[in-house]
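The letters A, B, C and D name the chains in turn, as written, and every chain counts its residues from 1.
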Amino acid sequence: MEDIKKLLAKVAPGKEVAEGTQYPTIELEPNEVRAVAKKLKEAGFDYLINLTGVDYTDALGTVYHISSSTNKTAVVVLKTKTADREEPVLYTVSDIWKSADLYEREVYDFFGIRFIDHPDMRRIFLRGDWKGFPFRKDYNEVNDTPTTNVNIDSLETLPSITLDKEGKIIEKSKQLFGNNEYVVNFGPQHPATHGVLHLRVSLDGEIVKKVDPNFGYIHRGIEKMCESLTYPQILPYTERLDYLSGSINRHAFCMCVEKAAGIEVPQRAQYIRCIFDELTRVASHLLGWGCMAMDMGAITAFIYGMRDREKIMDIFEENAGGRLMPAYSIIGGLTKDVVPNFQQTVSDFVAYMRESIKEYHTLFTGNPIATGRMHNVGWLTKETAVALGTTGPTGRASGWSNDVRKLAPYAAYDKVKFNEVLRNTDTCKGDSFDRYIIRLDEVLESLNIIEQLNDNLPTDGVNVKVPAIVKLPEGEYYQRAESARGDFGVYIKSDGNKNPYRVKFRSPCMTLISALDPLCKGEKIADLITIGASLDYVIPCADR
Amino acid sequence: MSLELIDGINKIHTLLTDNIEATWVSLIEYVLVGLGFLTLYALIALFLIIFERKICAYFQCRLGPNRVGPWGIFQVIADMVKILTKEIIPLKHNDKLLYYAAPFIVIMGSLLTFGGLQFAEGVYGVDFNVGVFYLLAVSSISIIGVMLAGWSSNNKYSLIGAMRSGAQVISFELSACLSMMAIVILGGSMNLSALMAAQEDAWFIFQSPFTWVALVIYLIAAHAETNRGPFDLPEAESELTAGYHVEYSGITFGFFYVAEYCNLFINAAIGTLVFLGGWQALHIPGCEGFNAVMDAIPSYIWMFGKTLVLIFLSLWVRWTFPRLRIDQLLHLEWKIMLPFSLANILLMAIWVIYFK
Amino acid sequence: MKKYFTDIFSGIWNLLKGMKITGKVLVSPAVTECYPEKRDELQPKERFRAELTMPHNENNEHKCTACGICAMNCPNQTITVNKSKITDENGKSKIVLDQYLYDLGSCIFCGLCSRVCPQGAIEFTNNFEHAVYTRSKLIKQLNKPGSKKVEVAKPVAPAAKPASAPAQQEKEAAPKQENENNQ
Amino acid sequence: MEVKNLRVKSMNHVTFNDNEYLEQYVEELKKGGVNVAIGCLDDCINWGRSHSVWPLTFATACCGIEFMCVGAARTDFARFGWEVTRNSPRQSDVVFVAGTIVNKMAPVLKRLYDQMAEPKYVIAMGGCAISGGPFKNSYNVVKGVNEIIPVDVYVPGCPPRPNAVLYGMLQMERKIKLEGFFKLPKKPAITPEEKVWAERLAKEEEARKAAKGIK
């Protein structure tokens, strides 16, 4: 912490580091952001975790959470505000951190802040003809359900702004595809896009030349809805972000609120939450494995994955009362204690799953067709992974150690022994096969964690009494958790009311999708599908 | 039974020739035989659809259709009724003639091949002196239909699917032919009846070790020609949604669907006829008692039984493996199967010269 | 050249190993649960949340005091509590439940309503067969026609009083919060 | 066909919800009389159609995962003849609207529906498709897919468990069995309940707009 403060004093001289915050925070003027960001990047802060837009009512602003791939536990927060609300502009950092590209588009879409020199200021989630910016506090436009499809022009014209010598804004625009390119639409409704992602792919025969993901076909505005809900009411929505790691998301939000409100959760609840998190991770990876096999044409493998996943669903149903959405964690603990035979069921499942994984390896991993399709396809180097912020198994397959369970242990993760599954950085190329195999390895590691937790389940209660109306003290809170797809983050800005002022979920999937274009360039159509499956993104998580 | 069938057919023939003029007789007979073949064709398709669904379900530890009729056997009838009464959507901005002709070309191609098969002792449509050559030739007609379907649908997915299909079928046709040529060398004839006769004592696979190589190559190539997984690139559900027939609905799609299953049968049947002795019973030279027992089993059961085994094998492969990528597919054909089959022909010729 | 042949044969060997796995499944029994055939055995687990219900006792009485806390806590207004003020024979005015409307079609089964209910008047059951042809049929009235709130028997009254006290407080808080929501 | 003669294997007629709707539906169809021969033919065709319903693979969100579960080994919808999930709308008969439909997706869904060949059916699966579900207060979510396309069966749940989807499929089967091939039925007139519903929706909408205005 002290080191980072010293560093901040060096990169931003004369700026005061705010006291009493979770992470070292400095507030900057808009024109200072780029200089500080560049210096931070040079000092090793190469991973932009999150970029949040906030409406401060008098002005609009952004909050940057920045971490490093070398000094993994360090996090710094930068904040900035626009001059006014009418013509809000900020400077882009997308050339410094590649992952800011999509985040800045998102901020533009929600708040209307335009970023100078950002190459692509299209709306990301909402339609091009949407009126207003919904996340502003004074938003009251009424947009009816449209009857016509999205206008192709609004998808293919990239507007951008830049400053001339006198500091005046100049508007520019560029075409996404050339006139003679053979552009094929994948999605929004397509079996291989894992949801409703719209990919515009430029082809040269079978070779992919360019991929342009078009988001927003499942943008539900959860973050905006959260601003009018109380904290317990937000919980069910967190599960519906990335429904495959629903428990983990819910756990993260509970932790964030508990930390802010100073609620101490009993050990037993912590353990059970972790077991559920890991079971969710196993279920998610099984589905990911199955979907990858199905996308490659092996439907039988998919069915086997689903068959074993049902066993986890049974455990969820028996204890929590829901299958896909267990709704088990609540603020202050769990809804109910587990059923008496829980430990037995879980240890049976662990034993069964270990055998199944061997079967999967014989059925699919050893298959020369499958390996041939995955090896040497979609290379993602460690540098690109960090720059794009592709956390989770995808990043670890490229050799980037980024497991939040290790670097910022939460709940019961500091009480178990486990290895962060990493592909060997020397031999590893970070191709589709690495991303595939790491998931099965992670399942085995998760089974280890489950076994340890399950054998040492404490016997204190599962919840503590919390006030009927949860209110967080004024301030900003951030909580990271390792979801099945990577670094999931919850940002809450509270103004002391029972409703949060601003909630932002750091979606691991959005950065994964942004990796599609660099990974697929020069590969074949079939590889586009394999790479997409190996990234294992969930669109509703990206769109929120 | 096949002999009784032939008897019956002869009786009808005499009945007709006694009463009607000869030209009319042949005309009526052509129509009758054609109808018979069409019925058999449809029945085989229906059977195979339910067979595959059940088998695939068991491979995936499911049950498969079991609610329509006992064990779900009427499931395909329901499918047929549904698909016959389904709307055919006319498209704008496409080549109407080719669009509607394509499914017919596909089904004609497979029917023509079907006519050249032998189903039991003495039960066949025609017996060409170049039977094997004929089968190979007409079975590649359907690819024209596939290409036309992909082209005329005016859809990018179907166009890519059709182009893939073209590349795939044409290259695998080569291996299929070459592997059969090895058998032609061994059997010394292209006439299917002559080949059958040559297998009376022992099936070709028991006559030479190189027949096994040819059989494996043929099975892979034939499987690839049917456009079924792991060679279903032209359809590639997860990439091209439905490939070349993405725009077809109702019975026009039904034709593609039926032709796919019949091609599965046809390829297995050709494999049986050429490699596994067709309708010939399993004979072990010198074992008279055993041979007599085997002969007691009717020839059509031999034929269909062996075909079914090959079909089962093909289903097993289909429901286990992932799909190949286009470069893997071409690598498999041009760098592995083609050299192997060429070498195989050479070795087979040497074998025939020295050991036969 | 050697690699060419070893690749081919190891490839074939691995393919065969894969086929062995599927072959093994082919001969082992299916895991399919036959839903409508074995409908009675296939009830979900006891805790499964599939429908909100209001249990009634044999006298057609329920425990709901129409306080509206459940409706307030519902994240998406699935519950509507229609209540009216009546004056009973003693001249006391009290609030009674007219209609407890529950929209199954928008319920998200988070369980918040049943958890916050001070009376324990509503609970989730696991009957999941609800598919209908008309959307309006999914709006259910949970209180049975002619039902009323269960009267607390006299002997139990001392015990029941502390329990109902916070409920009353919250009852007063309820309209206040509703006002807040509207602002 | 009479509603009470509807036979579904191993399910009793009275255990099904919403039989009143089907009765009303049959009444509507019977108007103008039914020819016996045509009636028989109808029954045959409907038998085929009801047992061979090929779904479109369409999933937007969470319900899509449960829909996959329905197709997987545990609750295998192949048993009903629904297994052939087609990816091309032209070849599919039913679309399970599994998941939230947002404003940007709405025209796409409409187009998909228009691309399907008759007869086509729609099953709204889960809260989002029925009424917007959890997200009905959102600025970007369609409040029920029946605003865009006609829905045949509503399967509530968030998401519905696979067996609940099977139950919905049986309901769909029953409805298909009553159709007339030669006489496409109109949707029954709006029931009083439907009116109440519409009024309630309008009221909610107004309240929401008013609340927004004040803010």
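In this text, a residue touches a chain if its C-beta (ideal position, glycine included) is under 8 Å from a C-beta of that chain, and two chains touch if they have at least 3 such contacts.
Everything numeric here is computed off the predicted structure, so don't read it as measured data.
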| item | value |
| --- | --- |
| A-C against B-D, pair bridged by the larger set of C-beta contacts | B-D |
| Chain A-chain D separation of Cα centroids, rounded to whole Å | 34 |
| Chain B-chain D separation of Cα centroids, rounded to whole Å | 40 |
| Centroid spacing, where centroids are CA-atom means, of chain A and chain B in whole angstrom | 50 |
| Chain C: positions in contact with at least two other chains | 15, 18, 21-22, 25, 30-32, 34, 44, 48, 75, 108-109 |
| Interface hub residues of chain A, defined as touching at least two other chains | 190-191, 236-237, 300, 303-304, 307, 310, 323, 325, 363-364, 367, 369 |
| Set of chain D residues in contact with two or more other chains | 9, 72-74, 76, 79, 87, 134-135, 137, 158, 161, 215 |
| Chain-level touch network, classified as line, ring, star, complete or other | complete |
| Chain D-touching residues of chain A, taken from the complex the two chains share | 125-127, 134, 139-140, 142-143, 145-150, 188-191, 195-196, 216-222, 224-225, 228, 236-237, 240, 243-244, 287, 302-304, 306-307, 309-310, 313, 323-325, 540 |
| Chain B partner contacts - residues on chain D that touch it in the complex | 9, 44-45, 47-53, 72-73, 76, 78-81, 83-84, 86-88, 90-91, 93, 115, 117-119, 181 |
| Interfacial residue positions of chain A with respect to chain C in the complex | 229-230, 232-237, 300, 304, 307, 310, 314, 317-323, 325, 327, 330, 335-336, 339, 359, 362-364, 366-369, 468 |
| Chain B-facing residues of chain C, complex | 8, 15, 18-19, 21-23, 25-26, 28-32, 34 |
| Of all residues in chain D, those that touch chain C in their complex | 8-11, 15, 17-18, 21-22, 25, 73-76, 79, 127, 130-137, 144, 146, 151-158, 160-161, 163-164, 166-168, 170-171, 175, 191, 193-194, 196-197, 204, 211, 214-215 |
